[in-house]
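To keep things clear, I will list the structure first and then write my remarks on it.
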Amino acid sequence: MTTYLKNIWEASATVFEGMAITFSYLLQRPITVQYPDRLKEPVPKTLPKNYRGRLMVDTELCTACALCQKACPIDVIEMKGARTERKKGLTLIYFNIYHGKCMYCNLCVEACPAEEGDEEAHHTAIYFKKDFEGSGYELKDLVEQFIPREEAIQRLKEAEETAAKRAAKAAAESAPAEPKKEGNA
Amino acid sequence: MTSATREKELKPRVEITQISGTEIEVNMGPHHPSTHGVIRFILFIDGEIVVRAVPDVGYLHRSIEKIAESMPYSFFMPYTDRVDYVAAINCNLGYALAIEAMGGLEVPERATWLRMIGVELNRIMSHLVGVGALPLDLGAFTPFVHALREREHMMDLLEILTGTRMNNNYIRFGGVCQDVDDEFLKKLEKYLDHFVLFLEEYDRLIGTNKIFIERLKNVGIVSGEKALSYSFSGPNLRASGIGLDLRKVDPYCFYNDMKFDVPVGKGIKGTVGDSFDRYIVRIEEMAECEKILRQILSKIKEGPIQSKVPKKLVLPAGEAYHHTESARGELGYHIISDGKSASPYRIKIRTGSFASMTSLAEIFKGMMVADVIAYFASLDIVAPEVDR
Amino acid sequence: MKDGIFLCIAAVTVFGALVTAFSRSIINAALGLLLALVAIAGLYIFLSADFVAVSQILIYVGGVMVLLLFGIMLTSGGDNIFSNNPIMGAVPATLITTIFGLLGIYVVNTSGLTFYQGAYRATTRDIGHFLLREYILPFELVSVLIVVLIVGAGVMLRKELVIVRQAPQKKEGKK
Amino acid sequence: MTQFIYMFIFAVIYLLSIAVAAGFLTVVERRIAGRMQSRIGPNRVGPQGIVQWIADAVKALQKEDIIPTDAHSFLFKIAPYLVFMGVFLTLVPIPFGAYTLMENLDTGIFYVLAMASFVVIGVMMGGWASNNKWSLLGGMRSAAQMISYEVPAALAVFVVVVMAGTLNFQKIVFSQGASPVDWYVFRNPFAFIAFNIFFIAALAEGNRVPFDIPEAESELVSGYNTEYSGMRFLFFFLAEWGNLVVIGALVSTLFFGGWNFWFEYTLEFSVPGRYPIRFEVLGFLWFLFKVSIFVFIIIWIRWTLPRLRIDQLMDICWKYMVPIGLFASIGILLWMYFVPEKSLADTIMRYSMTSFGGLTILYFFYRVFQNLRVTKAKIYANPFV
Amino acid sequence: MSLYHEMPENIFVTSVDQLLGWSRKHSLWWLLFGLACCSIELMHTGGPRADIERFGSAPRGTPRQADLIIIAGTLTYKMASRLKLLYEQMAEPKYVISMGSCSNCGGLFDKAYSVVKGVDQIMPVDVYLPGCPPRPEALLEALVILQKKIQKEKYLRK
């Protein structure tokens, strides 16, 4: 009989207690961040400094060394660098990132040697932007071409020209020495 | 409680064997609201009572171990996140420690502290999913969302620490990938003050609830002996009354400097090793994690976070097994290296959830369908840890 | 108007009864029975017997039909059980219907029973009055009978069931 | 003839208003649940999301109407309507005001108990006809549960019927007064017990948490309505939320004075035309207020408690509620015999019960504000600010 | 909807279509279904911070009543047939969001022998969402984009 009454009492007391807690939440403000429109400040601004959002490339800064491409375990980065007459080192021909496949592991960023900025605005050539919006209706929308297609074709042509020029130059330079080489061989 | 009433409660619910004789075969999963992730049982039920159960695994077999053989050691680190996505840094740590032990790599002191912060935070987050999903499966949605809310706050912290919310890929060989400032440590401390209050409130909301206790006590009893024979580990083993914690028994990182208790199931509401014990052990363990985090905060010092590691890491030939205490029990990495290539010859991952899965077929026998859910939820199994 | 509704309900009753009798699928037969029972409640309302009508629904729909459906639905392949009863042949059915119909007409004609023609009047109070004042003895006897039935059913069920109780420790040992 | 047309129009109005109320309640429930979980809940459709239910309903109309190949298609089709019919029929005798009711049935509460059995049949049919094992389990559980809980509900109703001496709802309302002291729930301890039993049993008959095992989401996927989609599911949906209104209305009529407002309904008002329309409106609103409080409590319970196991459910019914109900129904007889109405003991009991109820509510709010104080200390919205 | 196949485009049809689209986009009930890592973020999307229910999207346990299936996680070959079945069990109109890298194209498991390389190989996908796993806010963005797509759909003149 005591257990019987105790059971009833326990059940009602604990239910009472739980209901008091849930009721107290009715009197508190929800913590919801009303993305996308009803926001005090945009969500990316609330993210920490090193947040890994979308993978981006600073095409100006990039030296086209392809270290990131090698550092990526899953071939997300598709890039090519070649010599043109635009700048001294390698020029980017094209740089595509497949966001739909990226796993945001930070390995490419760690591999990148090109850095810029002070402590505050520090970023490497390939870096994570504090932005996460990138849905698309088709899979190809998720491939971002940092050098637009026309530009890339243009650059490729330039690179081919430069390569041809260099080849011609090299041929011209090495032409006299050619017989010598053959002789050596 | 007198022994007579105890005896009465110990008796399983009536097992009727001759009333209908027809078994219904029902298929639970791989999509079913209560199988977190994709696990399937085939239950043979007679009325409400399970006659036998056949667990079916492999719906999330992603061949992680096989992939490891095809890539350099460092490339495999992001994959370890996905072994147990609820406690990703734990899995990172186990792998990193195994490789460091094998390759004889140094780890700076601050890096170890940071690793421990990540691991303990992650352990709390993982347990929050465990204790949150348990009432969810018993029909109470609100506690689960409250647990999710706390996870959100912790994910904010992890975001500052590691840069991502989940699948952090935080730990590198010989260090961690990024440093934090003092502001983070202050925030963490502030959060811990909040977390203690949350735990207390959560326990009042659901842990003391009569219906909740009645649903869990004396359900799915796994005695200590039996738990060992199933090779349980982690909270599930400790709930069965065996206080085996690898952080105490075989300390790694700086765990031997930490003062913390190992919560053990005492059977406060029913029998040792019942589902309620598994719940309460996780709650207590979260409180212990909070203690550890506070000690870390008082001890952490400035310093480098990454030691020098050769770019192309080739481990000496041989094999090594290194185990750590993950949120779901012993997480062991068995690595075999041929000593020539930069990728492992074989990696085998021992996980806690898979061991827990082995108990299902036997424990489910004679249970009611509702108890099946309660027992399964109390084990806190995560599908990829089973299938990998 | 009123007659029209009465005829409709009567037709539904007959239809339900016919489905019950002639349907080859047992689940359809049960449904027909359900229909007939509900329609009979409607007929009671026409007889200004609202309390009886509600009781009809409470007991037959809420109790008997649910038990029937339980029985049908829980037996395997309830839909596939086809009755094959020789008594359902047309000749005996016609015979029995005729006899009972004639009997009914005879009873109604000779007993002086008439349909209540006046305005609708609540019957609950009267029923309560009769049950607890004038017919208290039969009422109590019926309740005793019901108690006996319940206890008897319990006893019979206990004999039928083999309840296997095992302590969990024993089970462990078996493993 | 005109009478039938009036009845028909009245029924259609009732049907529409119960559908609207049920739809609106879904939004209210989702909003309340959201706030209890520190979320917001639907707030995009219309101001604060109040027309969310229209979007849900119109969407459900567009959905493909799936009837599984192996299902018993006739039963499958008819089951949702049967369930909805059962819920709708129970509304017929419940008075929302002195004249705002469909039919002042003399069998009143007895009729309500009877009509609930259509819901049982509908749920069983739906579960069985789906040809899905989970649905079947859900339907069977549901039927067993509803039938069992009709017993304590009837016992609790018995207490009220004995006190009022009638089954008629309107007379039950009349015999209670407007003030809390005159409500049946605070008349004597047995009535209070009966209220608790009736409320719990009604929860169980309405398949609400903690008794929602027929549609237990984590066990049986979605119970008897697993295979239903689109419009047919909508009817189950409407029935479930319409049932909330029915439960609220029943409880407030039987135990909380119904539509009785601060004025007394005397005999002179019963002459047609003498009853002021403003009294009717005020009484209606007062009744709606009571109903909404009970609906809120039901929703609140749902979002707080876990659900019971089937055997515990039956234990509670047969080992707790039925004996207690029997105790209350015998107790009320003794009470009525020994303590005549308006005697000193009766008055003392009324006032002490009322103050007991008031104190419980006060203590409850004390606990709530204690919790709030704790949560204030833990910096609620964002622990980092 | 065979009746409407030949329906000419006029103001009535257009406005009814608008209403239907409005209702569908604001009542996208999603199937409680997660495969792997992303399912945790899916839960968080239903959780307090992101709260997908603001858009009227309630979780449903059964595919029959769901309008939206969010493929959250890695799809293996063993699971693929089950997923296909689930998708087929859903009532029209139904929508699919492919959440995260694994369901987009296999993601980091495209080397694995047991993983389907993209969920679009077995079912049509409406919105692809990058991330591994995506933030809850990103899933909300995908939902908003899906809502835009639904509003443009012509239900009566398919």
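Per-chain residue numbering starts at 1, and chain names A, B, C, D and E are given in the order in which the chains are listed.
Methods note: a residue touches a chain if its C-beta (ideal position, glycine included) is under 8 Å from a C-beta of that chain, and two chains touch if they have at least 3 such contacts.
For clarity, every value in this text was computed on a predicted model and none was experimentally measured.
Chain centres were defined as the mean of their Cα atoms; on that basis the chain farthest from chain E turns out to be C. Chain closest to the overall centre, judged by the mean of its C-alpha atoms against the mean of all protein C-alpha atoms: E. For chain D, the chain whose average C-alpha position is most distant is A. Taking D-E and A-B together, the chain pair joined by more C-beta contacts is D-E.
Work out the mean CA point of chain B and of chain C, and you get 57 Å between them. Look at where the CA atoms of chain A average out and do the same for chain E: the two points lie 25 Å apart.
With centres set at the average Cα position, the gap from chain C to chain D is 29 Å.
Residues of chain A in contact with two or more other chains: 7, 15, 17-18, 21-22, 30-32, 34, 73, 103-104. For chain C, the set of residues touching two or more other chains reads 74. Residue positions of chain B touching 2 or more other chains, listed in rising order: 33, 78, 142, 145, 149, 152, 167, 201, 205-206, 209, 211.
Residues of chain D touching chain A in their complex: 32, 34-40, 300-301, 303-305, 320, 364, 367-369, 371-372, 375, 380-382.
Those residues of chain D lying in contact with chain C across their complex are 1, 4, 72, 75, 105-107, 110-111, 113-118, 120-121, 124-125, 128, 136, 139-140, 143, 147, 150, 166-168.
Touching chain D in their complex are the following residues of chain E: 19-20, 22-24, 26-27, 32, 47-48, 51, 53-56, 58, 60-62, 64-65, 67, 89, 91-93, 155.
Touching chain B in their complex are the following residues of chain E: 32-37, 39-41, 43-44, 47-49, 61, 63, 73-74, 76, 78-79, 82-83, 86, 108-109, 111-115, 132-133, 135.
Taken together, the chain C residues at the contact with chain D in this complex read 1, 27, 31, 34, 50-51, 54-55, 57-58, 61-63, 65-66, 69-70, 73-74, 78-79, 122-125.
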